[in-house]
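In the two assemblies presented below, chain A is common to both, partnered first by chain B and then by chain C.
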Partner chain A sequence: MSFEEVDKGTHVVLAPEGKFNMVAAPPLKTRIDDLVAAGKTHLVVDLHGVDFIDSSGLGALIGGLKAARQQGGDLRIAAVGEQALAVLKLTNLDRILSPYATVEEALHDW
Partner chain B sequence: MTMLPSTGREEAELVAQNASADRYDRFVRLAQAIFGAPIAALNLISKESQFTVASVGYPKGEIPVEDSICRVTVEQDHAIEVRDLREDERFASLPEVAGGPRIRFYAGTPVRGQSGQNIGALCILDLVPRRLGRQQLEMLSDLGALLERELAVQEEMDLAGQVQQLMLPTSAPDIPGVEIAGRVQPAREAGGDYFDWFVVNDPDGGGKRLQVGLGDVMGKGLAASLIASEVRAVLRGHSRYTDVGHAIMRTSTTTRHDLEASDRFSTLWVGRLDPSTGALDYVDAGHGLAIIASERGYRRLNQEYLPLGAPIEDTWTRASDVLAEDELLVVVSDGVFDVLDDSFEQVEARLDDILAPGLSCQQIVDGIVDFAVSNAATDDVTALVLRRVATAGADSPSAPSTF
Partner chain C sequence: MTGNGAPTGKDYVLEGFAVPDQLDAVHALLAQAAADHPNLEAMDVMLFETAIIEIANNVVEYGRPEGEVRWKFTIRVREDEIEAELDDTGQTFTPEQGKGMPGEEAEGGRGLPIAEALLDQIEFKRMGDTNHWRMVRRLGQLPPA
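Up next, the complex of A and B:
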């Protein structure tokens, strides 16, 4: 599993694909940590290509969110599929990781 | 000939008994392919038998140790080869050499168990005399060392899983008026799911209460199980002194460092029941999968709180409900929810199965877990089911049996 990465200057968009699980999540989390350490603290994870997310995937997003916020930035998720929405809602993690419909909407105040 | 110390022989027998059907097959397949031999096997040598636990070109199973070739290899500290077994008096009269399949060539490397003693050998056999030479014999040793490592890791994992299972409550709680059952089926040997129950004194002086809980630490396997053990133990400690809401808050504070350091979070549902009245306090820390069900329908016992280990502290204040005498409290992990497509419509559709008359809590739990496992659950799967039962002396013609 690989993920697309586009650096837009003001923010970076990461787009994992397929199953975002215990195999795919750690590399993305490592990349987020590297980006945050390099001062890229405004991140969008575009989930349009993800058809399944498990708790490890959620953990990577929450960990990334934490890392970004600690450096004064934020991590937002966009184009979240039905299954991922259900998991976010069930765990109440949508309270801190609000899903945006599109990447553009996620950027609204950046 | 010196005999192998008995511990190695006993360990061999234990490993042989626990070896799953195909766990070590890839090693013998690899040996067969590398050395171009028609037969490759992993043989474990106990006091009385040789157990072939993995093989190609040769049946798995047990033969008397006197008929084994590998019994010689386990007494070495290096790989050996025998160019022609018929010309070696140690082996010439063995059934497999003298009779079918008329094995001629043997090379084997000893394999150590956790005790550090040899418990068996990885071997290759051929029907014609041949010679491997030093380099290939070293490769066989290397393969044996890999296999040793696999055996060791597997044994560690099995032990970790056993310890985790032993932490689960097995006996009925020492409080009258309840029937309860729970079960965890980890996706691997150990996992991040657990359930618990124990009796606590109500901090408000109301008497004994039954506390039940089900937690799910993000991820699977040994790493998740370490954190699960910690959360379980910390919650147990705090629960003795306060209500469920404060117990969870304190548990969050106590475990925060470890959860954050490992980038994990734990969902948790905890309830505290007065079996005599059905009064139930509960806290839902991002778990969401607790219901009370009866023939009248079901209601969720969920709250808006975050799991433990999320970036912000939550308040985790208890909510209250009442468990009526004909109602079931059912808590499951998301491994169960996943096979229901993460949908409560599907949960509702399956309610009749768990509400069928005459089922014990254990049967309901088994039904839920088996259903999830048979539907290819990839995550840990856990279920906990509880109901009130009439206490001794009360008139109760339909009291379900307890285990």
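Up next, the complex of A and C:
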């Protein structure tokens, strides 16, 4: 799985597609780590193109969130599908990874 | 091909190597079973899919020798439940069942707890030189929306 990346200056939007799983999660997490190391600490993961997420995908998001916050930034998720929403709630991760309806909403105070 | 009223209890079977590329085939197997049973609630299928993929992930990730483990998935739809059986030729091990969901900051350790939360039965046993998982989700147990 590939993912799109758009650098908007104040933030970077990453948009994985398809199944965000044990195959797709490691490269996205590596990219997030690289971005954070380069000072790009305000990240939005746009999940509109993701129809399935597994625990590896969740782990990449949590790891990315921690990395961004440690550098004073944040990672937010937007356009979360039904399955991902169910898994976020089941794992209680919706408490620290609040899903925003759109990328625009995720940016509200950046 | 099955038309209307696909027989309940029909086996949907996938055999091959337990490697990352084959996870899509597991999704496709369940999609085929669901397509033959239009009365299945989409939410039941989605949550069952989430559960069995986590168990499949574990076999792919931890089964040894890596890349050489073979597996056989069997899915059955019954009137009141959907069942998957997974046999694999990986090494023997003891799954840590019943550990509960890890804390919010954890980056791993959620696979089996997710499966356990979404299934009504999850059984593991070693049978000869094969690991055997049986996973069942009862249908019609969805909470009100």
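Keep in mind that, in the parts below, the second predicted complex is superposed on the first by the 110 of 110 C-alpha atoms of A that agree within 3 Å, B and C clash if a C-alpha of one lies under 4 Å from a C-alpha of the other, contacts with A are read in each partner's own complex, and residues count from 1 in each chain.
The definition used in the following text is that contacts are C-beta pairs under 8 Å (C-beta built on N, C-alpha and C of every residue); 3 or more make two chains touch, one makes a residue touch a chain.
Quantities reported herein were computed from a predicted structural model and do not represent experimental measurements.
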item: Which of chain B and chain C A:36 touches, first, second, both or neither; value: neither
item: Chain B versus chain C as contact partner of A:14, first or second or both or neither; value: neither
item: First, second, both or neither for A:87, with chain B first and chain C second; value: both
item: Which superposed partner A:75 touches (first chain B, second chain C, both, neither); value: neither
item: Which of chain B and chain C A:47 touches, first, second, both or neither; value: neither
item: Which of chain B and chain C A:28 touches, first, second, both or neither; value: neither
item: Touching both chain B and chain C, residues of chain A; value: 22, 54-56, 58-60, 62-63, 66, 83, 86-87, 90-93, 95-96
item: In the complex with chain C, residue positions of chain A that touch it; value: 19, 21-23, 52, 54-56, 58-60, 62-63, 66, 82-83, 86-87, 90-93, 95-96
item: Residues of chain C defined as touching chain A within the complex; value: 20-21, 23-24, 27, 43, 46-47, 49-50, 53-54, 57, 60-61, 101, 104-108, 110-111, 113-114, 117-118
item: Contact set on chain A toward chain B in their complex; value: 22, 29, 54-56, 58-60, 62-63, 65-66, 69, 83, 86-87, 90-93, 95-96
item: Footprint of chain A on chain B - complex, ascending; value: 192, 216, 218-220, 260, 263-265, 267, 286-289, 303-307, 309-312, 334, 337, 342-343, 378-379
